[in-house]
Every structure is written in structure tokens, then in C-alpha cells.
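Sending over a structure as C-alpha cells; questions will come in a sec.
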Amino acid sequence: MKWHEKMLNIDRRWIYLILGVAVIVPAVVSFHVPVNVTPEVRRVYDFIEDLKPGDIFYVGIDYDPASLAELHPMAYAILDQCFRKDIKPVVATLSQFGAGMAEQVLSEVAAEYGKESGIDYCYLGYKPYPAITIMLMGVDFRVPFPQDYYGTPIDSIPMMRYVHNFDDLKGVISLSAGTSSEFWIIYGYGRYFMPLALGVTGVMAADYYPYLQSGQIFGLISGIKGAAEYEALTEYKGEGLKSIPYQTTTHVVILAFIIVSNIGYFASRRSKK
Amino acid sequence: MIRFKIRLALILISASVLLLFGYISSPGQELEAPPEPLPAPPTNVVISDDPNDDGHTTIVSWQLSRDDGAGLNNVMAYEIFRSTSPEGEFLQVGVMGKGLDSYIDRGEKEKTRNGEPNPRYIGAGIDYYYKMRAKSTTGTYSEFSELVVGQAKNNWYHTGKTNIMIAVLIFSGLVIYFITAAKRGKELYVRPIAGIDAVDESIGRATEMGRPILFVLGTGTAADLATIAGYTILARVAKMTADYQTKVLVPVNEPVMLAVAQETVKSAYMEAGRPDMYDEQNIFYVTAMQFPFVAAVCGLMIREQTATNFYMGIFHAESLILAETGAITGAIQISGTDQLAQLPFFIAATDYTLIGEELYAASGYLSKEALLLGPVKAQDYAKVILLTLLGLAVITWSFGWGFFKSLISTIS
Amino acid sequence: MTTVELLWNGLAAFLTLCIFSFLYKDNPFYKFAEQLVAGVALGYWTMLLYHTTFTDKVLIPIFQQGKLHYILPTIMGIMMWTRFSKKLAYLSRIAIAFYIGVGTGVALPLYMYNYVFRQLQATVVPLQFSWLGLNSLLMVSFVTCTLFYFFFSKEHKGTFGGLSKVGIYTLMAGFGASFGLTVMGRVALLVQRIIFLREYFIALFGS
Amino acid sequence: MRRQIPLYIVLVCGIVFVIQFFIPSHESEFIFEYGQDWVMVIGILALPLGIWSYLRKTWLTAVKKPKERFFAGVSLFGFAIMMLTGLKRESLMAGSLYMELFEYVLIPIQATIFSLLAFYIASAAYRAFRARSVIATMLLGTAFIVMLRLIPLGPISDVNQALVGWILSVPNMAAKRGLLIGIGLGAIATCIKIILGIERTYLGRD
């Protein structure tokens, strides 16, 4: 058997073994992989980075626990960046099961920076009917959320005194597995034209690229890779970056497989001629 | 006596101090802030029925307050109140922002909740009274608008679905027309599909090797259309295996599918004149859960050394596990599914794949019966109509004419 | 981890390794896990359905809420059992007919709505002389070519054949992209299993 | 007759539920929910057929093949223990033996089988992604480009990223839409065939 024939008919267990090694190596040896940051993620980062201390930014934690693995890291990194820059996030959730989860992320990151609820950030909690809630927030946050998650009336929250609707904040990012992203584009951007960015799961990413191209959203963070890019930019040590060595080694291995297999294929075709 | 005078003096002094305080505190505030002008209420409130529901929803519409965006320009929102009687307790049912002039009042469908009457309930044919007021930016309210009354109706036709109904009727007409045309003996040409042509050959191969055939109907339910398309192919495969006396194994994951698959195979054997060959044991239930099912099927492939594997129906993540295990055993594999996410894996790992619509066309192809080929022709005509509509809609819409676009637009 | 947790996790780790061993070849360990999980899954599923769906849709409506019209579907469900008898087996077809009839009746208009109309509607975008407009034009053309590929009653020859080729290329590009996108998620699943094993062995032997 | 009655049932049910879609009324909603429940009840009550099929097959395997006895026993043991531990309604609460078995037997096995896909994806890519034809090249090309986005390659990555964005939003979207429209038409045609009784394989014959 010629070398290329051997190569084409390689026992698939060698492939499994190589892939297995590619997954185990990062688990045993820790190494750093530079993350290639995509422009759509960088735009989100730059946007927040360019805000001035005291600016208000809306972060929508609109996912439920099922997509926690991919979207939680984004929430951590973005809130971390906000607090580091003394930007005041307004946080709310449009997902039925998101309220407790959002509270946990927010208070955890806030505690790290010693930020106080009501002064440095505001958590509004959950409201059903995402489309209506978004439209009402465009009128005034007090309409859908007369009080915040902890029961304080919005009017007596210091940082919200002059914040009425999307005009009073610098921008919006919604992290969601899909459903509310669409509402944000149609009812949020479509009516009020505030700068809007989205964080979505990897599977959903393909559906939101068209909006990026048409300019309806200014940035898009997708999947665990997007989260890792964001963490790389903000230098936040989170789950996103942790997963990158595994992803890189396995992707390199699979791409190498494709190249090797094609070399073998062309060599065998030439020898047949 | 003196004591009494002192007491009196004390009382008088404290009383005057209190009075003085009262004077300073209460009217003083009024002096500081002059009364704010209240916004005007919205006018012409109209209650109408939502024409497309089952009588639990009304639509409230109004004319904007004259201070909304004009006049005092201090309206922030509108509040909508509802009650079942003009004097009764009014419940705030909704808030809409400034500039908006209608509200859909979706009532709840349960008349009672925990034994108590449910205040959020809206029922068909009951009078509901509505009033509204405007809320100003400073939190003051306008007067209430005039009381109006309206009802929700139980509707019998959904006005937003007319185009879908027409499409269903036209398409059904096409199908019926082509079936009758085919019955009258009109020859229908159909292009070859590699996956279907390979069916016969792959069964022959299994027979030569003396090994069984595996047929997986997917992990959907018995009534999923892709599964039903799978039954037709199974019938064809079973009939051939009866002729060749080859065993066909059908593991299933749903009990109703088990019953249907057994009927399908049994009648195919009867049609082939070999009812004696039929063994119910070969069509068996494994388990409903996706991965345990797949583990069992993979084990089956390896231990029975199946020579040909069919995967026809609805598949999820398991598609590639099955296809790769089949490739290890060296089986010829033919797959077909309408699950977009799994098609790439079937295409990569099986020998032939029926892509989406091809799976549905397969039943016509395999039977070569005019009755079953007619619909394939109807599908093609429907495509021509749809593409024409699409082209017209895109071109006219580019020039700002939305008629054709509205023809294919649906309510969400 | 407590001893009990260690034992339970030990079982989970053992079964995990049993399944992984299938990558090398079929073996008694894999077969053990496979057979065990088939039984466990069926038992789990049966009891789960009994406590949830069966209770909610049969026992409670009939015996507690007095909704007697739920007796009819129950009778029809029981008709499925006639399959145990050769003579009466044809009765089960009535239940099957109902099952399929309702399923297809519900599905028909929904397919028209979700698969045909909504997809067409999403494709209608105004054409303009810009990068965006070019993309919309390409989108409409690619959708058209893809549908050409699915023409069954016309020979794919000449110009039509060329267009349908573009259609299958578009399909393949789409499939390739999905394939590429999926890898990340699958690797993440594998990493989770590896981390589970690693943590278990660290807990067992100490790091 | 035996064959005719089921066909009429399919016809009537099919037409009723098609029409139901266009009627929003209260009565129509009731029919929809009742019909769905009806299907669900048939599905659950059919489960004994499945269990019987499983038990008989496992039992016969054990009887016929002495070598398989141990494995058949394992399977039956697994089934029996879940049925017994799951008898009480409380066993659905966390902490019961039933739920522990779910968590430490079912979940790990399911998750591991799912994770095998990482290996299979690699092997499928090796075997299938060869540039044999234009079609195969399109498949492997886009998959390659999309996977490449995870690898840091400096300026190449930026170009690649733009390309991935375009592939995802134009050809990928177009392919999905074309496929869905085709599937829609095929599925509707199948529905019509079933309702009209032209497609009747699933009912078997006498």
C-alpha cells in the first residue's frame, strides 16, 4: 500500500486518539492562546470603553438558565467593565427565569468593586411581555418598573433621578438566547433608535449577522467564543477564556485532519493518472 | 388661683405656637410651588372587539390628550381602567406611553381564581366599562375621560389568516388536479434522485452478504410528517427484503410508531406473498430517550453487522453518532431528514442523503404510482407561483408599492 | 465529597469510561452500560409519564375534575392494547387513525404559515444600489436557485440545470457553515466530561 | 370496512383541525386542546405495548443465547429498579433514590454519548471533506472557513471573520430559507395525501 492510500484509509481510532489528546492536553498543561477579536465584539467593547464615568448603560440579562453556559460569561465581563469604568448600569431581565440569576451576577460583580445599589447601579427586575416592556421603557422606565427589584420606588433612587427613557442612557446591550433579541431590534431600535448591541448563543449567531450588516445593531457577541473575546479585551478572567485553549487545540486538530486528508486524496489521484 | 392662671397662660401659649406652626407649614408650601397645570385627559375613547380572538380581548383606542406633544407637553403616559359596572371598582389594566393611541386589553381566560372571581377576566358578551387618564411627567393626573362601554366577542374567523387559507386551498386544488390527471394516464416525468435509486441496489448488496438491514425511523413521534414519509420508504424496503428473504431490523423509540411500523412491515410482507417471513420480534421498542436509544442502536449495528442502514425521519444530535458507527461497520447508508441542523452530518457521513423535500418526494418515487407522483408535480407548480410572487414583491417593494408584499405577509 | 457522593460519582465515572471505551471497539463494558441505560431509561420514562402526563390527562380530569369527556380518549388509548390479540388487533387502527389524523390536520396550516409564508416574507427586502442591496439581491437569487434544485418534474439541463447547480452549491455552503458552527458546542460537551472525570479523580486520590 | 373506518376518521380529523386553525373562537380553542390531549392520552396508553415489546425481546434473548444472559439481566434489573423506586409520586423530588439514579446513571451516560460527537465530527471531517467535486468542495470550504475563525492568525483572521459574517448572513440564510420552503411544500403535500387517504401505508392492510 502506498503512503497516501494508507493515509486515506487510516484507522479512525488514530483520529479519536489525536482528538482525545487535543482535549486532554489543555486540561493538564495550562497555556495561553491569543484570542482573535472580531470587529463586532470589539465595537461593543470600544463603545463601553469610550463612555465617561457616570454615564448610564442598559444591560439586559434576557436569558434563562438553559443558556447560562454561553451568556453568563458575557454578563460578568460586561458588568465588570462597566464598574471598572464607573459607568452606571441599569439592569433588567425579560426572561421569566432570569430574575434571580441576573441579581446574583450583578450583586457579585458589584461587591467586588464595592458598588452600591441605587447609586452605582440599578436593578429593575423582571417584567413579562418583552415587546410591551421594551416599548414602555422607551417612554419611561417608571412605567413598566415603578420600583426596582428590591422594592425601592424609582423616583427615590438617586442615579435614576434624571433617567427617564432610552434618550437618557448611552446604549443598550441585550444578552439573550434569541427570543427577546428580536424584540429589541423591532420594538427597541425600530422605535427609539438607541445604540443597540446583542449577545446571543452560538447557534443563534447566524440569524443575527444580517442585522449587523444592515446597521440595526452596532455589535454582536456570539457564543462562548464571543464571551472569550470580550474577556480578552477587558482582561477579565472568566469561563470564556478558560474554554479557549480546548477549543483552539481541537479546531486546529480538525482543520489539520481536513488538510492532511486532502493532501492524501490529491496524491492518490495523481498516482492514478 | 395663680396656678390656674399660669396653666391657662401655658395652654394659650402652646395653642398659639401650634397655630403659628400650622400656619407656617401648610399654606407656606402652597406659596412655594404654584399649582401645576394638569394635563388634559385623552378624548374619544372607543372600545372595540379584537376581531381575531375567542372573546377575551378588547382594543381600547383614543385621541391623544391635547397636552401630548403639544400644549403643555407634559403627558408621560396613559392609564387605562376597566370595570364591569359604571359604579363598580375600577381596575387599572394597562399603561401606554405618550404618543400611543391604542391598547390591547388581553383579559385572562379563567373566570375564577382560587375560588374568588378573577378581576382580570374578560368574557365574551359582557359589558365592560372603561375610563382613562393621562399621567404627567411630574406624577400628577388629568381628570378621567368619559366613561365608555364595550364588549369582547367570540369570533369565528381570523381575518389575518386569509392569505394562508387561500394558499392552502390553491395548493390542495393543485394536488387533487394532478392526481386526477395522473389517474387519467398522463405521463409524469420525474428527475432522478441518487438516494432513491440506491435503495434497490443497497438491499441487493445486503442479500448477497447475507446480513440484515437496519431501518431507523428517527427520534420523532409517529405523527411527524418526516416519520410518515419514513413509513413509505420502510414499506418499499420491507417488500424487497421479503422478496430477497433478507431480515430487516426496525428499532423504534415511540410505542405508537412501533404499532405503525409493525403494520407497515407486515402488510409489505403480505403484499410480497411472504407473510410467513414476518417476525414481529424484528420491529421492537427500545426506549423513548434519545441517547439510550442511540446506544442500543449502535450496539445493534456492531453485533448484527447490518449491511445496509436506512435513517429516515426526524433526527436530532444522534444523527452523526448513528452514521459514524454505521461507517465503522462498513454498511451502505442512506439517510433522509427534514431537520436542517442534522442534514450536514448525514451528508458528510452517509452515502446518500435525501435532503428535505426529497424525503417527502420519495414516497411518490418509490411507488411510481400515479396517485403518489401527482403531488410532486403540484409541489413544483406551487414553487413557480411562490417564486413569481416573491419576485414581484421584491421588485414592487423596491419602488415602494407594498401590494405584493402584503400578499405574503403574515400576522405574528 | 462525602463517601456517599464519592460512591455515586464513582458509578457515574465508571459508566462514563464504559461509554468512552466504545471508541476503541465494542466491548463488554460498553455493552454493560448500554444495556443498563436502556432499562433504566425505560423505567425512568414510564414512571415519569405515569406521574405527570397520565395523572394530569387521565386520572385528574376523570376522577377529580369530573371531566367525563376525557373517558373517550382513554378508551381509544386502551384500544391500542387490542394489538395483544390477533383477532381484535384491527381496532388499534382506529386509535392510530385518530393519532395521525389530528397530527396532520394540525400540521398542514402550520407548515404553510411557518415554513412557506414566513420564509418568503423574510426574503422580501427592497433592492438598492449599495453593498446591502447587493446582498439582498444575492439572497433572493440564492433562495430562487435553491428552490430550482428542488424541482422534480423538470430535467436539470441547460440554463435551468445551471441555476439548480447554483442552488445545490448554496445548500452545500449552508451545510458547511452549520457543520463548522457546531464543532464548538460538541467540543464543549466533551470538555465537560473530561473535567468531570478529572475532578472525580482529584477528589478520589487527592491532587 | 375495517380499512374504511380508519380512513374516514383520518379524513374527518384532518379537515376539522385544518379548519380549526382559521377559527379563533372559544369552541375552536376547546377542540384544539381536546384533540391535543386526545393524542397525548393515546401516546401514553400505548406505552404498555412498548414495554411488552422490550420485555419479550430481552427475555427471549436471555433464553436463546446463554452468553447474553448477563446483559439481559442488567437491562431488566435497571428497568425494575427504576419502576420500583419511582412508584411513589414523592420520588420525583430531588434526593430520592429514583432521582439519584437519574442523576448518576442516566445523566452521565447520556452526556457521554452526546460528547462522543466531538470525536465523530473529527472523523467525519477527515473522511468526508475531500475535494472530490465542486459540491464537496463547497461543503468543505465553508466548514473550513467557519472553523478557522477560532484560530488566531492575525490579519488573516480579520479577513476571515468578515467572510464568515457574509457566509452566515447570505448563502447560509438563503439555503435555510429555500430548504424550509421546499420542506413546507413537501410536508403539506404529504398531509393532503394522508387526509385524502391516498397515502395509507401506516394503516397496514388485511
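Before moving on, here are some points about what is shown:
In this document, chain identifiers A, B, C and D correspond to the written order of the chains, with residue numbering beginning at 1 in each.
Just so it is clear, contacts are C-beta pairs under 8 Å (C-beta built on N, C-alpha and C of every residue); 3 or more make two chains touch, one makes a residue touch a chain.
Worth saying up front: this structure is predicted, and the values here are computed from it rather than measured.
Counted by C-beta pairs in contact, the busier of B-C and C-D is C-D. A straight line joining the Cα centres of chain B and chain C is 16 Å long. Chain C and chain D have Cα centroids lying 3 Å from one another. Centre-to-centre, using mean CA coordinates, chain A is 27 Å away from chain B. In chain B, 161, 164-165, 168, 171, 221-223, 225, 228, 255-256, 259-260, 262-263, 286-289, 291-292, 295, 340, 343-345, 347-348, 355-357, 361, 376, 379, 383, 386 are the positions where the chain touches two or more neighbouring chains simultaneously.
Residue positions 18, 21-22, 39, 42-43, 46-51, 54, 106, 109-110, 113-114, 116-119, 121, 123, 125, 127, 129, 139-140, 143-144, 147, 150, 168-169, 172-173, 176, 179-183, 185, 187-188, 190-192, 194, 202-204 of chain D each touch two or more of the other chains. Residues of chain A in contact with two or more other chains: 12, 16, 20, 23, 205-206, 213, 225, 247, 250-251, 254. Taken together, the touching pairs cover every possible pairing of the chains.
By the touch criterion stated above, chain C contacts chain B in their complex at residues 19, 22, 26, 30-31, 33-34, 37-38, 40-42, 44-45, 80, 83, 92-93, 96, 99-100, 102-104, 107-109, 111-113, 116-118, 120-121, 123-128, 136, 140, 143-144, 147, 150-156, 171-172, 175-176, 178-179, 182. The residues of chain D lying in touch with chain A in their complex are 118-119, 121-123, 125-127, 129-132, 140, 143-144, 147-154, 157-158, 161-162, 165, 168-169, 172-173.
Chain contact summary for the complex, chain D toward chain C: residues 2, 5-7, 9-18, 20-22, 32, 34-52, 54, 71-72, 74-83, 86-87, 89, 91-92, 98, 100-119, 121, 125, 134-136, 138-147, 150, 164, 166-185, 187-188, 190-192, 194-195, 202-204, 206. Interface residues of chain C, counted against chain A in their complex, comprise 23-24, 131-132, 135, 177, 181, 183-185, 187-188, 190-191, 194-195, 198. Those residues of chain B whose C-beta lies close enough to touch chain D in the complex are 52-55, 124, 154-158, 161, 164-165, 168, 171-172, 175-176, 179, 221-223, 225-226, 228-229, 231-232, 234-235, 254-256, 258-260, 262-264, 266-267, 270-271, 281, 284-292, 294-295, 317, 320-321, 323-324, 327, 338, 340, 343-345, 347-349, 355-357, 359-361, 363, 371-372, 375-376, 378-379, 382-383, 386.
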